[in-house]
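Lettered A, B and C in written order, each chain numbered from 1.
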Amino acid sequence: MVENTLSIKAVDFNFYYGSHHALKNINLDVMKNKVMAMIGPSGCGKSTFLRSINRMNDLIEGTQAKGALLFGGMDVNEKSVDVTRLRREVGMVFQKPNPFPKSIFENVAYGLRVNRLFNGRDDLNVKVEQSLREAGLWDEVKDNLNKNAYDLSGGQQQRLCIARALVIRPEVILMDEPTASLDPISTAKIEELIQELKKNYTIIIVTHNMQQAARVADNTAFFMLGELVEYGETSKIFTKPDKKITEDYITGRFG
Amino acid sequence: MERHFDEELEALKKNILKMASMVDDAVHKSVESLVDMDIEMAEKLIEDDQIIDLLEVQIDRQCLELLAKRQPLAVDLRFITSLQKINNDLERIGDLAINVAHASIYLSKHPPLKPLVDIPKMEEETRKMLRQAVSAIVEKNPAAAREICLKDSEIDSLYVQVFREILTYMMEDNNNIKRGIRLILVAKHIERMADHVTNIAEDVVYMLEGKTIKHHIDV
Amino acid sequence: MKETHPEKQAIDKNRYARQSAGFLVLKACVLSVVLSLIVLIGFIVIKGMGALNIDFFIKFPENGMSEGGIFPAIMGTFLLSTGAILFALPLGVLTAVWLTEYSTSMKMVRLLRIGINSLAGVPSIVFGLFGLAFLVKFMQFGVSLLSGIVVLGIMVLPTVIVTAEEALLSVPKSFKEASLALGATRWETMYKVILPNAISGILTGVILGIGRAAGETAPIMFTAATFFTVKLPDSLFSEVMALPYHIYALMTEGSQAGQMEIAYGTALVLLMLVLAVNAAAIAIRIKARRGRKW
């Protein structure tokens, strides 16, 4: 593991939904094998930034990006970038667990199948098992791989979604409020998992739970009204932020 | 946004101020009983220490409750954790005042060794520092807190002075040793009080600025 | 409970009385609907029951259609509606896919929707005339199975498109997002995730379309149906008999004694057919809903 290698870099990055200026001159570095948390009031642009990285915003009509958002030395919005390849490198876990209504096995296998990333049935089995193990779900589901994913609990479903994202070996995993709909114990499991996963992946997480950001993240970015207000080490942000407005937000004086 | 939390923090602060003023009073009375050779006052002081101890426990519980309930961050987190430490230091100062009261009971039963000049001076300086630390909390004035840390060396040199002086008395006459050692210990207790006040001042700086100045580490 | 003033009690009583009156009206409405349905079905059943026997289903009409069975009409209706669906299904589903997933211009989509809705509102006799003018005459298909299939297909197209669109849209967006985020293309996402989850909804629409196509007379009158034939159709260009048209023919042209009973028998068969098809659609929908877990 190389310390302090750059994974994602935003340079004067701007984003528009039609005429709405959703992100304003964002400059930010995300380091490899770190957990970066994004906090801020609703509509502050943190989710927009997250979805800009794997270009999920493409699904929305009338969006426009300006400036650079570099991943692997390339601007993700460059014409020559193959968006399916980008998404293979930048996985995503959503707010609500969203497994496919298929079996547990097929959920994990999906990414391998569409991207043709396996070599025969045995290889497929091995890779699915490996991801389920990484997501800390294997022991709970190994006897029921053919069961429908929706028979799992909410927390298990979310870990299944993480396994599904891991199976194609992305470099970065984006998590959009991954525990927003989970109970505290499932949340704790996901947070443990995040700590485990950062050994092999770079993780960017959006959260509304300040304590969660404090617990899991190495670095924290505070967004407000489309601007990056403050970005730094989590321990610093949560004990002594530089900006008054950051302090007011994380201590619940507004927002 | 008005937070109910702010009221809870305010209540906590009030208790700390109350604690500080009680400790300040105890320090003053302990040395007063020594100077006036007032056994009754010293005994009353020892008895009243319970009240300080009770308040300490109460503040401690208050802090823990707020940490658990509110899971504070940033300025709130620094405020509570600093007050927790300040509370502890105040209680230690109170204990040292009791030590002084015990010495004063012993010494009051014997003829005075010498007129006391430097010890009351140490006490006065120490209490000045303590009061300044308290007003630094109230006024949110880190500069005032920083000043306190510089004053600690004055107390240290006063202590060295008292030590040397009493040493000469003890060398002159063996009979002076018992009372001499008691007096040196009183001076040492007050010097320790000033150290605790310095800790408090350092915590106030951290509380207000988020900077660690203890042990001359500046992060 | 607080004691209530007698005057107030009277007012309350009045309110309940009004409520009961309202319910009564509602009940009467529902009852009249159910009653007319029962009377209609009962009438057809009673009048048509007598004609039903095995021969009625498997024999050709005999003796100037006053005796024998309605086998060619059943076959004709079966072929016409199956053909219409085979024609409308791919066309309709693919249109729905394009409408929901691929269209980039909202204006275009809105225009198309208006078109589709208009198509659904066109009276069936107009379809018949179109078929006659365009398919039978201009395209030279003649009065044939093919012409009938195409006309009926076009006629059920709006049903298929709208239900397919609804079914596609009912698949949660989160599935699509999950698939795309895993590096799947939009097309892979469509056929691996969205279509499989929409299939039961689409099927329901298709079956309802069959029901509609099977019962129509006007569109096939000039394009496909024949009064009487002694053989089953041997190619797409043959004329066919069909249940609704058979009834029409018997009721309007016939004068022989047995014809009335056969007409009612035919109506009963057609009614059972349409009801069975609708029941199948409902069964599929219920099964799909029960199996759906998201």
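Operating definition for what follows: a residue touches a chain if its C-beta (ideal position, glycine included) is under 8 Å from a C-beta of that chain, and two chains touch if they have at least 3 such contacts.
Quick caveat: nothing in here was measured; it's all calculated off a predicted structure.
Both chain A and chain C are touched by no common chain. Located most centrally within the structure is A, per distance between chain CA means and the overall CA mean.
Ranked by C-beta contact pairs, the top pair of chains is A-C.
Distance from the chain A centre to the chain C centre is 47 Å, each centre being the mean of its Cα atoms.
For this pair, chain A with chain B, the centres built from the Cα atoms lie 51 Å apart. Separation between the centroids of chain B and chain C, computed from CA atoms only, is 92 Å.
Residues of chain A that touch chain C in their complex: 54, 56, 59, 61, 84-85, 87-88, 91-92, 94, 96, 98-101, 110-111, 114-115, 148, 150-151, 161, 164-165, 168. Across the complex, chain A is touched by residues 104, 106, 172, 174-175, 177-185, 188, 192-193, 197, 292-294 of chain C. The touching residues of chain A, counted against chain B in their complex, run 210-211, 214, 237-241, 246-247, 250-254.
Residues 1, 3, 5, 71-78, 209-211 of chain B touch chain A in their complex.
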